[in-house]
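Both complexes below contain chain A, partnered by chain B and then by chain C.
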Partner chain A sequence: MNLDFIIFISLMVLGYTAGSLAERGHFKSLIRREDATMKQPVVTFEDGYELPAGAKFRKSTLVSGSVVISIDYFKRFLASLRFLVGGRVGAYESLLDRARREAILRMKYQAGGADIILGMRVETSTIGGRRKNNKGLGSVEAVAYGTAVWVDEISPQIT
Partner chain B sequence: MKFRPKSLNDTRDPLKGNVNISPEHPLKELLLLTSGIAATIFIIYLLLGVAVDLVVPHISKELEQSIAARMEFPVVEDKRTPYLEELTDELRRSAPLDPGPIVVGVYPSAMANAFALPGGRMLITEGFLDEVESENELAMVISHELGHIAHRDPLRVMGRSLVLAFISSLFVNTDDSAGAFINSSMTLTQLGYSRNIEERCDHFALETISRHYGHGGGAVDFFKRMKDSHTGGSVPQFLSTHPGDERRISYLERQIDEERLGWGELTPLPEGWVNQDDE
Partner chain C sequence: MIELTSIQYLPGKRIVEHYGLVQGSTIRAKHLGRDLMASLKNLVGGELKGYTELLSEARAEATSRMVKQAERFGANAVINVRYATSSVAQGAAELFAYGTAVKVEPE
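Coming up: the complex of A and B.
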């Protein structure tokens, strides 16, 4: 049994245990915070939001939330095998799901009490990642942004 | 339309109802992918190995020579070389299949070993020459290497190594951790391939020396001494390229008995065989 192989197995075990624990914890936290911020409406459309009679915009501002999450050794290995044969890269799906949801949550926190967030968009990009020697571990960044709107004298209502 | 917030999450199972994540367990995916890819590579390797075996008989001696000319032949000056050349030439004439002209060289290493290289070249280590106790023993090992050359095994091994290098280079480019896994899984097959060749060459060697000396004596002496010298931590059979000493000895002894080759008198080595500076 050569040293490289032992190192490889250790990294895989470390990546899998640490990665799964972190992922499980993150999903739980996401659900808790999503439920807590449920009353903050976010929509993807930009126009068509009509104010009820008598109401008017008090304030509107750009809000954004972003997060960077790293893949682990296990996920990377699984994905590298997947690259050989094609198909759904399950290892990355959960990672992107977490990143998108976390970014939206952070955007909501920044909006702090706005009546509604309009025109929400989510974008993702990779950070770091493959270096020349193929040893780099990639990270994913998700950014959510939109326009937070405060309305005078009405309860939030979409018409 | 009134805005009515509603949670879609299930707090007990965070992934339940999440349409954005494939339900497959990552460990199951890992198992399926590794076994599938390993099986595919193995089949490709076997097919290319068969292709090498088909091509090798069609490689002309001239082409083999020109391949060999590019390879280094690291030999040292040794007073025993002319004797080795003469003995090799005599054995060649007793061989069941003519290996063609042979160039013999002494290789500077204390490890007792001998190698056959492409282009009819043979290397015998200093360590082996110092270890050997009779001409018959020496002839057995030389004939074993002659068997490799007659069957063009050096070319075959070179071809297989090329296939191996080619396949691993493909995967090293995709990702080095996947590449490392694939490489280590292929090494064992390579060893199994070599072991069959070794047994065939032992048989070839036995036939050669029994024709040359008129008996099979001395065929197993060297292997027996090797076995006694490393009775300690032995390498498991499947990790070794050569048949285990034990297996090898019993195979050869059985052959000598079955073919009634007999155990004749051993031919001594010439005077002053062992180098003075080694003493």
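Coming up: the complex of A and C.
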């Protein structure tokens, strides 16, 4: 049998098993961490945040989180087939979804304990491969950033 | 210490002076060792930790150049900071940070 073909098939199998294992694990961990940080509000608006009565701004700072994620061999092949016929490219959808959610989570962790994150922005970009035959987007970077705000209660409630 | 925000004001502070746009940028190339690891990772998928680090280091560098420019103006805060990334050549990326330098004082 042709050696190239054997290499191709084994890369496909490797990409498929390792890739889908990694993806499933990542989604599971994303959901777990998103549940854990649910109490940390993140908003895209800039003004209109009303302080609770008697509270005062303590400090604010820029926070950000970023991640670079690569697609696996199998999905890249799948996508290249999809490029022939057009339509929804599911393989890349999940890649971008993972990257954005991970970036937002990392931003939240950096802001740990802030009362709110205002004016959040998410930016996505692709990192070009070095080799010429690197078709499609190999890896994608997502960065999330916003302004973390800490609030001081002037009259702490006595319980 | 220069304070940074991604919104149009600094919570709890009043803007007393505007100095206009400040910016910083840097272009970074991947290095061969990291690229080798990355091309292996390209087969199985997943996070490219080397690149994540590289890009966040570069972004910090761009930010600090922007901050230096703001300091020269005598500003003590940069508001409405935005980040942009563009790939200039294969294997290299430009990280760009820009914002508005202002002077703030407590309300």
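Note that in this section the second predicted complex is superposed on the first by the 144 of 159 C-alpha atoms of A that agree within 3 Å, B and C clash if a C-alpha of one lies under 4 Å from a C-alpha of the other, contacts with A are read in each partner's own complex, and residues count from 1 in each chain.
In this section, a residue touches a chain if its C-beta (ideal position, glycine included) is under 8 Å from a C-beta of that chain, and two chains touch if they have at least 3 such contacts.
Owing to the predicted nature of the structure, the values given are computational and were not obtained by experimental measurement.
Chemist: For the combined arrangement obtained by superposing on chain A, do chain B and chain C clash, or do they fit?
Modeler: On the shared chain A, the partners fit.
Chemist: In the overlaid three-chain picture, which partner chain does A:Glu46 touch, first (chain B) or second (chain C), both, or neither?
Modeler: Only chain C is touched by A:Glu46; chain B is not.
Chemist: Quick check for you: in the superposed arrangement, does A:Leu81 touch first (chain B), second (chain C), both or neither?
Modeler: Only chain B is touched by A:Leu81; chain C is not.
Chemist: Using the superposed model, determine the angle chain B, chain A, chain C defined by their C-alpha centres, to the nearest 10 degrees.
Modeler: With chain A as the vertex, the angle is 110 degrees.
Chemist: Looking at A:Lys56, would you say it contacts chain B, chain C, both, or neither? Reply first, second, both or neither.
Modeler: In the superposition, A:Lys56 touches chain C alone.
Chemist: Applying the touch criterion given at the start, work out whether A:Glu123 contacts chain B, chain C, both or neither, answering first, second, both or neither.
Modeler: In the superposed model, A:Glu123 contacts chain C only, not chain B.
Chemist: Can you work out, in whole Å, how close the C-alpha atoms of chain B and chain C get once everything is superposed?
Modeler: 13
Chemist: Could you list which residues of chain A make contact with chain B in one structure and with chain C in the other?
Modeler: Of chain A, residues 73, 75-76 contact chain B in one complex and chain C in the other.
Chemist: Could you please specify the touching residues of chain A with respect to chain C in the complex?
Modeler: My answer: residues 11, 14-15, 18-19, 22-23, 26, 46-47, 56-62, 64, 66-73, 75-76, 102, 118-121, 123, 125-132, 138-139, 141, 143, 145-147, 149.
Chemist: Please give the residue numbers of chain C that touch chain A in the complex, ascending.
Modeler: 3-13, 30, 35, 38-39, 41-48, 51-52, 55-56, 59, 81-87, 89-93
Chemist: Considering only the defined contacts, which chain A positions touch chain B in the complex?
Modeler: 2, 4-5, 8, 16, 20, 24, 27-28, 30-32, 34-35, 38-39, 41, 73-78, 80-85, 88, 90-91, 93-94, 96-97, 133-135, 156-159
Chemist: Can you list the chain B residues touching chain A in their complex?
Modeler: Residues of chain B touching chain A: 1-3, 5-7, 9-11, 14-15, 18, 20-22, 24, 26-27, 29-30, 33-34, 36-37, 171, 174-178, 180-181, 184.
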